[in-house]
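Have a look at these structures, which come just after this line.
Two complexes, one shared chain (chain A), two partners (chain B, chain C).
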Partner chain A sequence: MSKTSGALKQAFPQNSLLKSFFLVLPMLFLTAMIMSEGGKIPKNPLHLILFVIVYIFFNGMFFLMIYTGKTDRYRAILFTTLAASMVISFISNLIETRGSMALTGEDMISGNTPFCHMVIPMILIPAALTKTIIFPGSILEGFANVATMFVIWIGASLALGRGFCSWGCFFGGLEDGFSRLRRKPILKHIPLKWSYMPYAVLAVVVLTSTLALSPTYCEWLCPFKAVTEFVEITSFQVLVQTIIFVSLFVGLVVVLPILTKRRTQCGLLCPLGALQSFTNKLNVFEIRIDREKCVDCMLCAKACPTFSLDAKSIAKGRTRLSCTKCGKCVDVCPKNAIYFHVKGTPVGSGHDKSRLLFIYPALILLATFGSGTIKGALHRILLLVTTGSMIQ
Partner chain B sequence: MNRLKSILGHTWAVLALPIMLATFMGLDYWAKSLAKITDVKISPWFSGGEIIRTLIRENYMTKLHRPVFDGLFGERKEGFVQVNWVSLDENLPPVINEEIDIDGDGTNDFHIQFNTLTNRAYLTDYSDRIIGIEAVYNLGKERAVRVRLRNSSEILRKKKG
Partner chain C sequence: MKGFLLGLTSGTICLTCCAPILVPYLLGEGKNVRQNMFLLFRFMIGRLSGYLLFGVLAWTVNLFIGKGLALHDLLFGTVYLILAAILIIYGFFNKRSRCAAKTLAGLFQRLSSHSSSLLPLFFGLLTGMNLCPPFLLAFTEASATSSIGGSLWFFWNFFLGTSLFFLPIPFLGVLRRFEPLQIVGKLAAGILGVYYLYIGTTMIQGGVIQL
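For the complex of A and B:
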């Protein structure tokens, strides 16, 4: 064994190289199938090179997760790359096809707005009562249509619960990335009562959207319009809406995550995150704390990006409902007292098995969302380097 | 009981991977099935509502949508009607003049003149249901206009009142 791998082995609880390799084999096959859409290997040499790079990237990170036993460290690299790639690909595509990031009235009445998962909480009640979707997209046609996004959300929620927020939601990846820029937080104390804010936002946007038959969070609050698309400014009202979402983006997605080392939009505003928290009740995967090993050092509570651990929850040996199963607390615990657990199974045993059962589907979600997006972004960056423009 | 819980927990945990794979591999099928089962449509406030009449002109077609007043329960006091003009050959005529009878009662409710070169519309109303032009849209070979309306049942209620 080389010096490096020997050092790695000493530093972390992990699997042997051989065992790690065998555990990665299924993922090598599954990601190959997903990325090639069932075996269609790209013929264009450039696309083939990008395919190979992204394939190695995902499986390399998965191998390191298995080998080192660390989850969040490598998840965060993939997740942040996905988010950055999403911004590059999405904006470039918009400018190429539409000429601008601004969404016009024409785009809206033609149903050309890609459906975003953040809208889901707002459309449920109107859909049940009026059989209509209050969003200017398409039910089945075009990119990111309503039915497709809904199916992905249902599948991801069944398989991962709120794990969706740390393994699939490309918006969360932006905050995750910004929250890792500083080694130590500047703002250390955020009162825990603020973590109930997303539930209040959820209640308000569900109510107002139902009454207005219009997605009010998208119109007034969603910070991620700043990096995707936004309504063209044609009136004073739209100007005010633009000022609000840009401020929220700068504040909650960029500045506060840097200052607090937390995912502040996910933890303090996101209504979908609040809704996803309830899916944790149904989902079988959870994070548990072994009270016998725990020394109440609170490192996990300080590290948790979504305010999902506090003294009370640690004393109970559980996370709060909002846990996104990112694995950061598991990684930082110096006593190995925190672990992935399958509900119903005996507490305190089978940690590795539970973690493996969780990270396989979680990585499938990340790879499916991420592979095409990262390939697209790499292609755009290559275009920029070779032609001086990301737009073809 | 604990054993049963454990078996169920493990079963679901093992199924998480097939669920995730099935979600993506059968995405088109699931999406079409979901759309069919739920039979949901895009809200008429965004789509413009169903087309109720199509009129073929010399080199273009006029599509009249149903008036949209849809509320959560019942109808709203105000809404709109959308009219689309679709070119049947290369271009739409520079100016389109159209008399619109919203409800098909034989009485025109408004006249609209649409300048397809400047994308401006001029409205002449013949009924107190008409409020004004809400928006005009340039959809390439197609143009559309939305005219804001008062709900006729609301007008009747006011007259009675």
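For the complex of A and C:
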């Protein structure tokens, strides 16, 4: 065995095939229950085939996470697939039901706009002050209603903290995917000051939403309107808003992730990400750095997609508050000095157990959000291949 | 008394209009509660000046009736542009911020070192001239008075009524030890500056069209 592969083998704990299989068994059962919504196996052969493909895809990736000891490599495949599937399914559904991605005034008055988790920071204070939800969506009824999304968000935040941003958010995968297109970054240095921008955006959108009693981030900044739905252009103001969100999408979700190999929208703009960072304080999982093993090579800081590691935080043996627990730093560390840790347990031992305890709920969240979406997208792609159109 | 009561009933709205500028500024300065009280005091002096200026304007409102809307848009558009410029300079080019735009930093360092003590006064003055709904209501009430003294007295009382709602804000000073909040406050001020730049530009554009 060469020196390098020996070092790698030592650096990344691997499980035997048999052990990996036994560790995957609970996930096989849980994902089957989630995907079948409690045991309802699809009777339609096409849906059954899609069910099996997605089931194998999720559990295959989970198996590889356990077998190889690598977290981020397989998470990224699932996460990016979720985001791409979300775009395909959502746009197809919109065009099928509404005929367009553009929202008209009537659509908003009817209150049928699907609620998106990005709106959450903006609605809290107005809801407390005025007892109204400042979003044109349904509170209890229909697809993606406010109450359901809110409950899922609270559950995910308690279970994963800001891990939600790397395991549950169906937008983050887009830039995660784009950030992996190049082997090396072209833009290497981004001043740390800009990593505070999401908190500034959070402060501004909370204050202005309270002032205007409307979700200002959705109206002015949200780049993901480019791949979901947006307000029909009927005025100069909406035209300006459209130029802004399209520019932000191209800049922060496509171009900068390719150039920097970072998730620049999540790290430099997203106000929900900023709010989500505070939930890391409530959550039991964290990433720690063993200072005795660490050689300060800074590979982890260079690899971190959300600017959550710097010399100061590494010296303290912790990540910054914005860590999304994607596991990339754990994967790249050549000294195996970075590890998942459960707060309150002894530091420096039981790394693999802590990691397992984290990736079970994380993958369940990903399967809950992703399985139906990926099935839907596969169905649309099949339709495109067989009929020439994604729309039924 | 009428002005004071109007101020009391609409103070929360005034606060939500001023808070997006005042809160990031106070966070950006990172001062303690006592120092924040002084900053708030300067802000309020500026705000009072803005109100009294409008007291005079309300009294002379009849002169404006002919070209009312156009002048109104041009005036407030200009106010917003000045506010935007100050916020952007404060937020992105401040002498104490570690900003990437180093070439501009030198120029703004020189400017801001002279004007830092006046900043809260400017912010107060320019937000005092803000077109929030209760302010328009007060403007309408004051313009119905027959003397300039009555108009100023009305705005003075309106100012007192609304000011009570600003008293808790200096307590943001308890967060001053958390250094990143200063960066966040400055960046937030810069973002708001960009927003007001847009508002000011569209208002001036509207005013020019109406002239």
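Here is the rule we go by: the second predicted complex is superposed on the first by the 380 of 392 C-alpha atoms of A that agree within 3 Å, B and C clash if a C-alpha of one lies under 4 Å from a C-alpha of the other, contacts with A are read in each partner's own complex, and residues count from 1 in each chain.
The criterion applied here is as follows: contacts are C-beta pairs under 8 Å (C-beta built on N, C-alpha and C of every residue); 3 or more make two chains touch, one makes a residue touch a chain.
Please read these numbers as outputs of a predicted model, since none were measured by experiment.
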- Partner chain(s) touched by A:210 [first = chain B, second = chain C, both, neither]: both
- Task: In the overlay, answer first, second, both or neither for which of chain B and chain C A:159 touches.
- Result: first
- Task: Check the residue A:136 against both partner chains and state whether it touches chain B (first), chain C (second), both, or neither.
- Result: first
- Message: Contact-wise, after the overlay, does A:40 reach chain B, chain C, both or neither (first, second, both, neither)?
- Response: neither
- Task: Check the residue A:361 against both partner chains and state whether it touches chain B (first), chain C (second), both, or neither.
- Result: first
- Query: Which of the two partners, first being chain B and second being chain C, lies in contact with A:183: first, second, both, or neither?
  - Reply: neither
- Message: After superposing on the shared chain, does chain C or chain B touch more chain A residues?
- Response: B
- Query: Where on chain A do the contacts with chain B and the contacts with chain C coincide?
  - Reply: 210-211
- Interface with chain A, chain B side, in the complex: residues 2, 5-10, 12-14, 16-17, 19-24, 27-28, 30-32, 34-35, 38-48, 70-73, 82, 135, 137-139, 144
- Mind pulling up the chain A residues that touch chain B in the complex? 30, 34, 105-106, 108-111, 126-127, 129-140, 145-148, 150-152, 154-156, 158-160, 210-211, 213-214, 284-285, 342-346, 354, 357-358, 360-361, 364-365, 368
- Mind listing the chain C positions that touch chain A in their complex? 16-17, 19-20, 23-24, 27, 97-100, 180, 183-188, 190-192, 195, 198, 202
- Query: So in the complex, which bits of chain A are touching chain C?
  - Reply: 191, 193-194, 196-197, 199-201, 203-204, 207-208, 210-211, 220, 236-237, 240
